[in-house]
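Shared between the two complexes below is chain A, which pairs with chain B and chain C, respectively.
Right, the complex of A and B next:
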């Protein structure tokens, strides 16, 4: 065996345990779900039979699936869009070394490190009718007629879900983009200033292009996380009221754990995985082609 | 020779150099060495299998409540079995899901459930029928028959009950006295009284329903009224499960929800709220009437003011529909045995320990609920407790749920309630859809 082959072999041996764990914990369930999605497996039908693509047919001909899919895309669009926008603004402010920003740096990650369940409980208590913080505040300032159970109002429930996503994830964007900003050489800005570029031009011609990679990472990650996010919605509204916050992830849960139809739940999960795979590949290809 | 071999194997379990030498010298050969390793591992496996402690999942020993520490202490100091001190997930929903995923490993051996979940697990053959054990159980005559019947699925007993309760109407005595109001006895009176209170008593809402998506309490409240019109929703027939609820009955209950919200008994701004709003709202003095079970007693330990509200509470049967008979949702909580438990006899001994007279008395009296055991309910501390006796008086109006997997009907019922109170459908349209949906899913329950 040549020295190069020996080195390669050592490399494989080093990563083998991780790959094995990965295969067991990630690959095996995905493959199992893929095969189950072609059967009629459920809690009450433990000896499944092959039914081809029937589960997929049922799903894509169900209008509820398309409504839920549309709502999932809306959630991703608004949540990721607002997170990026607000995260960028805060990162730029942090980069300016304004007075008091030092404290912001210390506390900014708090929402991100609070467990999701605690975040939801906190928001839920604040939104409760009669004695939730928001309603008490409204009453105190003479706006008692506006009080309501905010998560129970179909006009506000979805917006609140978006707000919780933004509140929780924005710090991650801020810190990532702030780190990116710090790595941009100051000379770029000095040269642009000498050439007479104004602040907007400097932002669009230097800052944004230089933040392309950190942006790609946070956007791809959060599109995937938001698309698959289950806990924030399930714990706060359960997908209601009247389906106003139902997304694909909660639909998977309902199919598997309310109806115990594991094969249909698997089919829905596989569809979600395929959609996200396509998104990730297209997005990364776009960024790379731009680079080339 | 055989005796020598056996002795050799036993000695070899200790694995020391001496015995290996002993083997090499006396019996000799690699085969013996391999054999002894095999036997050692087998023995180790057997010892581990038999020595592994029993595993109990019991939410009441995990979730934070006023009597938890005392219950855990009593259980751990009196149980004569080797039981793990990790009592599983704190929430019933998590316990059910985890149990479905892992029960075939034999862990946990014993699980505490709610009735609806028990039917689901029984249908999935994940819990053990206990009839044989029950027949030989010395305390079986101590149990109220209706509680035992409630845990029977397809003619087999799947659990031993440890607490029970019924939903009743709780009302604020002082509010009724100060406003010279009569406690409602019919649905019309309930709606009118609730609307009157909301309109005329400052900072007070007449009534409250939970209506949140997937909120089990919303389903239980619906059933508390429905069971006055029909004691069953499903019936087993030759063709399988049949829906026996009628459109008119479903519509009547949905109409009650409609009237309660749109006639002013409940603010429209409280639509979609869950148990937190109801329990904490009532004990904070925000609602004049609610339909709940006795557990709300536990809130008195959180704040003195909540205790004062509960002391000002009257307990009475839920108002009855003009065309109905007394009936309300009866809850029975079972302790069940995993069908794949490695030690089923030991598991039933554990069931007996967590349903014993002493343990039931402590856990039920502390949490303010009723016991399904006669000897517990006849204890002076239970008999003379005004709260418990107030609930016990109405136990005979309790109706246990039909033995089916309730998750889907539960969801469909809550969806129908929401469609009515969010004005997407009229009660008649919602009832028609609900009936169709129940008939559609009946065969899979």
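Right, the complex of A and C next:
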């Protein structure tokens, strides 16, 4: 064995335990779920029988699935869109170096570091029917007729879910875009100013194109996160009221752990995975091109 | 100064953001000190009883929330062990991927990043059966293993990035001085890249501390249930004791906030390191 080969062997040996755990707890389950999605495996059919693509057929002919699917895409669209817009505005503000800015930079990531379960309690407490902050505030300013149980109202529950997503993840956009802003050479703006470009032109011709890469990373990451996220919705509304906030992730969980229809849940999860694989590949290409 | 024209507008915008971010915290923190009577009196500031730590005391005493101390203990054990394991595994993984020439290196990195994008709700279905056959259901080990999987890909990727930024010549010089490869890792690379390692540790802790999905499926009893499960249980009970829940929530978020407070600068640096093209 050459020295070179020996070193490679040592390398593989060092990563082997990590890979083994991954194989066992990530890839094997994914493969197992894939195969089980073609069976009738459930709590009541402990010995699975191959039933072909029946689970998938049932899914795609079910209008509830399509409603859930549409709602999941809407959630991703609104949450990521608002996160990006607000995250960008805040990043631009941070870049202004106003007084007291250090303080803002300090608190900004706090929503992101706390458990989702506590986020849900905090928002539910704010939105309580009679004694929640929001309803008390509405009463005080004479808008008492607008008070309601916000999470229990099908018209508002979805908007609240979007808001909680924005609250939790917007800071991540801000720090990413802010770091991007810092890396734009000041000379670009000076040159543009000499050429007479106004603030809007400077933003659209310089800032936005220069932030292309961090923007893509942060958007793709959060498309994935929002699409796959389960606990924010499950813990706050459980998909209700009357299915108004049901998304694919909560439907998978309910199918598998409320109705114990494991193979049906797996089929739905596999569909989710197939969709997100496209996004993942885009993401990895971005990361790889960064290293090259 | 030309800039000053919009200064007030910027401050208003900034205040709106600050209120949006902080209001839920401030409100629940304040509420956690108010008596149950005042919580449901419909007033903001007119408290009949003085603010007190009563709810915090009640959380750890008998009654509906008696299990809270156990949730806290379980969370602390699970999150700390997960963090230690992630950091050790990530150090070795990152070292191998950064310093050894391996043909499968790219493949390994890509698959690891890819794995973090599988829907967790899907993975957890077969995982239950797998952990069951390994006798790991309702055990610390079972939950810790899943949390390690959650924190590790980012940890390896992040630490590898920091390792890559140290020129190989430094390794070679140290080896000429008689250090073995792992001596180089321990004595030279780790001290230089400590900020990155700390961020990976913080991320692993945060992920484990906050996980609801995996814990909810693997935990079957009070022996292993963590704080997020506990919060959800208080919440789902028929008679919600809001004062106690508010205090429990504050206790749940405090460890991550304190850790973040100490590591804030490094965390922000580490999280953004990968997204800004150098």
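Here is the rule we go by: the second predicted complex is superposed on the first by the 263 of 292 C-alpha atoms of A that agree within 3 Å, B and C clash if a C-alpha of one lies under 4 Å from a C-alpha of the other, contacts with A are read in each partner's own complex, and residues count from 1 in each chain.
Just so we're on the same page, a residue touches a chain if its C-beta (ideal position, glycine included) is under 8 Å from a C-beta of that chain, and two chains touch if they have at least 3 such contacts.
If you're wondering where the values come from, they're calculated on a predicted model, not measured in any experiment.
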Combined model on chain A where chain B meets chain C, clash or fit: clash
First (chain B), second (chain C), both or neither touched by A:257: both
Partner chain in contact with A:130 - chain B first, chain C second, else both or neither: both
Partner chain in contact with A:148 - chain B first, chain C second, else both or neither: first
Which of chain B and chain C A:84 touches, first, second, both or neither: neither
Chain B versus chain C, judged by how many residues of chain A each one touches: C
Contacts of A:44 with chain B and chain C, given as first, second, both or neither: first
Partner chain in contact with A:235 - chain B first, chain C second, else both or neither: second
Touching partner for A:19 - first (chain B), second (chain C), both, neither: second
8-16, 80-88 or 224-232: stretch of chain B that collides with chain C: 80-88
Those residues of chain A which chain B touches in one complex and chain C touches in the other: 124-125, 130-131, 257
Residue ranges of chain A in contact with chain B within the complex: 43-44, 46, 124-125, 128-131, 147-149, 151-154, 157, 237-242, 254, 257-260
Touching residues on chain C, where the partner in the complex is chain A: 3, 7, 10-11, 13-14, 17-18, 20-25, 27-28, 31, 39-44, 89, 92-93, 95-97, 99-104, 106, 108, 110-115, 117-127, 129-130, 145-146, 148-149, 152, 156, 181, 206, 209-210, 212-213, 217, 227-229, 231-232, 235, 242, 245-246, 249, 252-253, 256-257, 259-260, 264, 267-268, 271-272, 274-277
Contact set on chain B toward chain A in their complex: 97, 100, 120, 123-125, 205, 211-215, 267, 269-273, 276-277, 280-281, 284, 286, 405, 407-408, 411, 415, 418-419, 422, 424, 444
Chain C partner contacts - residues on chain A that touch it in the complex: 4, 7-8, 10-12, 14-15, 17-19, 21-22, 24-30, 32-33, 36, 86, 89-90, 93, 96, 98, 100, 104-111, 113-126, 130-131, 133, 136, 139-140, 167, 171-172, 175-176, 178-180, 183, 213-214, 217-218, 224, 228, 230-231, 234-235, 248-249, 252-253, 256-257, 262, 265-266, 269-270, 272-273, 276-277, 279-280, 283-284, 287-288, 290
